[in-house]
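Input: structures, listed below.
Look at the two complexes coming up: subunit A is in both, with subunit B in one and subunit C in the other.
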Partner chain A sequence: MTATAAGDPPRRRAAGWAIVCEREVRDLWLGGRGLVLSLAFSVLLSVVAYLVATNQALNFLEQRESVNLTLQVAIAVGSLLTLLAAADSVSGERERATLESLLLTPVARLAITSGKLLGALSLWLAAFVITIPYVWFLGRGIGLVGEAIVAGLAIGTLLAVFLASLGMIISVFAGSNRVSLSLGLFILLALFAPTQFPISAQRGWGEILLRVNPITAGEHYVDRIVVNGDGWGDNLSWLVSPIVAAAVFAVAAAFAGARYVRLGRTVH
Partner chain B sequence: MLARVPTRRALTTGLVAVVAAVVLAGTAGAQTREVRVATAPSRVTTELGGRFSFRTTIANGGATASGSLIAHLNILSLRDGTYVDPEDWSSDRTVYLGALPAGGARTITWNIHAVNTGSLAAYVTVLPQDGDGSPPTTGAAVRFEVSERDTLDAGGILPLALGVPAALALLAGAVYLARRRRGAASPPGASR
Partner chain C sequence: MRVTPVIEADGLGKRYGAVVALEGLTLAVQPGEILGVLGPNGAGKTTAIRILTTIVSPDRGRFSVAGVPHTRPAEIRRRVGVVPESAGYPGRQTGEEFLRFHARLFGHTRAGAHAAARALLAQVGLAERGGSLIAGYSRGMRQRLGIARALVNDPRVVFLDEPTLGLDPAGQRQMLALVRSITAERGATVLLCTHLLAEVEEVCSRVLILNRGRVAAEGTISEVARRAAAPRSARLRVPAEHVDRARRALAAASGIERVEPANGQPGSLTATLNGDASVVAMNGGLRALAEANIPVISFELEGARLSDAFLAMTSES
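Entry: the complex of A and B
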């Protein structure tokens, strides 16, 4: 910390969450982890976009469907990156023995949790920026790029907030980083599993399950806008679950962080 | 133990039951035989990925109402060696029609997505819901001619597919080098 010179105007101190967020973003991106994950993400999107554009067996896809496929992969993997970063946030600090010094700083635990959550979300934003050129390439010429980007950003951000908060909650209670990451990954896979339901299973109870699951509901909404060309207000009921999940889990993560972050946990 | 000798009443009841079953089966068979299935158009030409539809009209030409009917769409390739999964072509291939009144008709529109190239055909079969064993009624086949189509312009994808990861790799390398330089310039024991 530096002393302010007598003649200088007093500087406003940054809020605690902003300081933690800045530190998280710096660690993630200047530490190299964020860039390596983004590089892997871009390689995956390159392979998907190349296959969709050139493979004869896949070339029956409509241009809208190819944009949708790329966008869905981007949302799924971008959310996964966010979940992994959040699942490492508390249990990782605990394991690296840096949590104690963080807890000793004069920053409220709620601010620590919020800052870490926002830091993890920076991975989603980077993943989305990387996605834009691929969506532009595949969707150019049919007036779809703008809609696809806005839909991807809106739904992807809701899902990223939900998954980052979920990862944070797991990280607060997990006894080790390994438990936190593997549990987060398992839950994510379970949430994505219904996307593989056959069409016949997507009716009746199957549809209720798809609507309740924020991941499948969000992806369905994007699908309807990008592939079917539906209006933004046509399928709003499918947005209920992603919005509720993002709000509820963000509040729960803040509460868990403020109330339960400890140096040692017992869940192994 | 001696077998029980059937009484006259039991014999009569059995006979009536058999006759009733035969009459009912005959009536139901007659009902499905009165059902006519007409399809239009008879031929569709499209290209790979194309979406189109055709109509089937199911009419009851009988003097009485039909039983509950089911219409089912099937799709197959007219050439050997082409794998066709009808579910890929149309997600809603079975329609429960209910009963048709005498002289009544109902038209169904089938939405199709062409996911294979080649010569294919679709036909609609109507059968009674009670499964009484009478033969189903099948309409004339609709023929699809699906031609090749490249829906995407692949030109330019390679520079993009290689360029984005390369740019990120360069950025990661630059950050790594900057960190190493900063680490080398810091005095030993200095903390971040």
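Entry: the complex of A and C
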């Protein structure tokens, strides 16, 4: 008959979250969805890099600003991809009727959602790796590349964790996958909207809003390091919101995953 | 010696808002048994399975599966296999990948999962298609893959929720053969939910009928059929030239209320029986026909079948 689990040496068994994460990454990348999204991301970043490089050549944009602009776009779009992948994670499985067989395994729901969350974050990492050559090309020669890459990775990862957790929470509670994806996208756009505030609106209450919003606060921090050349410790207060948001939403996603992942309400 | 039931439930209840999904479900299933759970749509069959497999929490009651109390859900899931109703399968994975993934979630190593997946694919007749994407599988192949997934942890109890739904007759037959092999070869207990009474009559040792979340009847098929107390009649066929004599002979037998020609075939008669002794009364009627030298071409006692019991017990819904 079948080989039983009891016959396997315990030390070689992987943790449930790792197995789920591995499958998520395989589905995402070998299934083709991750590759298509990464290709679209590359095309977008190429267009942005071309435009900023042209503007730089015409002296409309400083070299630091062109690096910053490219990095900001990469963080924004990379975290958007992460949010969309996370927003599909539970509601998508529920809609495709594959959630029940996952819940029927002895793996804890927290481990299942953690694995899915980590799988979704692989999209951000891929987006960031794609961004590195663009940052290097635009920022070479002024000693900015290293700082820009570290700042982008740190802030982008915080924002990706925050948005992936947010997407996961939405996905756990959403009645359908369409609702989950739409709501996730809507919230993301609402969070990005303040980045378009005019300078005059970025004082007083406007500044408080920018500081509270993890996206605008994070992008502001990157902007100060890349464009103004500020030190890592000069604007730490702007990091409070992204760090708190990433931590709080990751814990909330873990709690929602452990307690509220359920099948649809059907009586048979 | 008393055998400990492998599934025990006591007063399980579940509501979804105002809708009562399950009310006071109490049952005991013995090791190696195939219990058929019957019921119309909304009777609570799937809810019962979801509670017993710990993916839905009951509002009331307690249960144990394979000797593990409901307070240790992960341990229960480790010991059960489930084929959910209308289960989805990831179309972009191969059958073997799907089974390997689930085997690892149940604690197999990579190598163990690989071996388990190959063995199960062979057992359910999918060895040749294990490397194909599930998207290309037929409905029957997906159901067989679902059975293989349910067996990946060598379970003591297997829950099957409408496993033959949407299958053609050949597929249904294959599926029922697999169900029988689960108990015969593995010694596992099976709880089979279905709409199809013929399936229950074919493979189940006992039956439980649910109606509106409550147990309407439980026992062996003949016990349940007898308890149904459905109106009984017998349908028989004699050569057309003997119909009048047959009617007179039957009408003279005690316990037979009336005899009427049945619609359809010539020579067919319907004898309506009365009282609890109706089966015995029909014996008397058949004896009367034999004594009158009237050949009986066919005979069927209606109201003694599981389908009659099912309809009688669920007709209000």
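Here is the rule we go by: the second predicted complex is superposed on the first by the 248 of 268 C-alpha atoms of A that agree within 3 Å, B and C clash if a C-alpha of one lies under 4 Å from a C-alpha of the other, contacts with A are read in each partner's own complex, and residues count from 1 in each chain.
By our rule, a residue touches a chain if its C-beta (ideal position, glycine included) is under 8 Å from a C-beta of that chain, and two chains touch if they have at least 3 such contacts.
These figures come from a predicted structure and were not determined experimentally.
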*Quick one: classify A:Y50 as touching subunit B (first), subunit C (second), both or neither.*
first
*Considering only touches as defined above, state whether A:A97 meets subunit B (first), subunit C (second), both or neither.*
second
*Return first, second, both or neither, reflecting whether A:R259 touches subunit B, subunit C, both chains, or no partner chain.*
neither
*asked:* Just checking: does A:R178 make contact with subunit B only, subunit C only, both, or neither of them? Give me first, second, both or neither.
replied: neither
*Regarding the shared-chain residue A:R203, is it in contact with subunit B (first), subunit C (second), both, or neither?*
neither
*Intersection of subunit A residues contacting subunit B with those contacting subunit C?*
32
*Residues of subunit A touching subunit B in the complex*: 29-30, 32, 35-36, 38-39, 42-43, 45-47, 49-50, 52-54, 59-63, 66, 130, 133-134, 137-138, 199
*Residues on subunit B engaged by subunit A in the complex (per definition of touch)*: 48-49, 87, 91, 114-116, 149-154, 156-158, 160-162, 164-165, 168-169, 171-172, 175-176, 179
_Contact footprint of subunit A on subunit C as seen in their complex_ = 16, 19, 21, 41-47, 50, 53, 55-56, 74-75, 77-78, 80, 82, 84-90, 92-93, 101-102, 104-110, 112, 115-116, 119-120, 123, 149, 151-154, 161, 185-186
*Report the residues of subunit A in contact with subunit C in the complex, numbered from low to high.*
1-5, 7-9, 12-14, 16, 19-20, 23, 27, 31-32, 96-98, 100-108, 262-263, 265-268
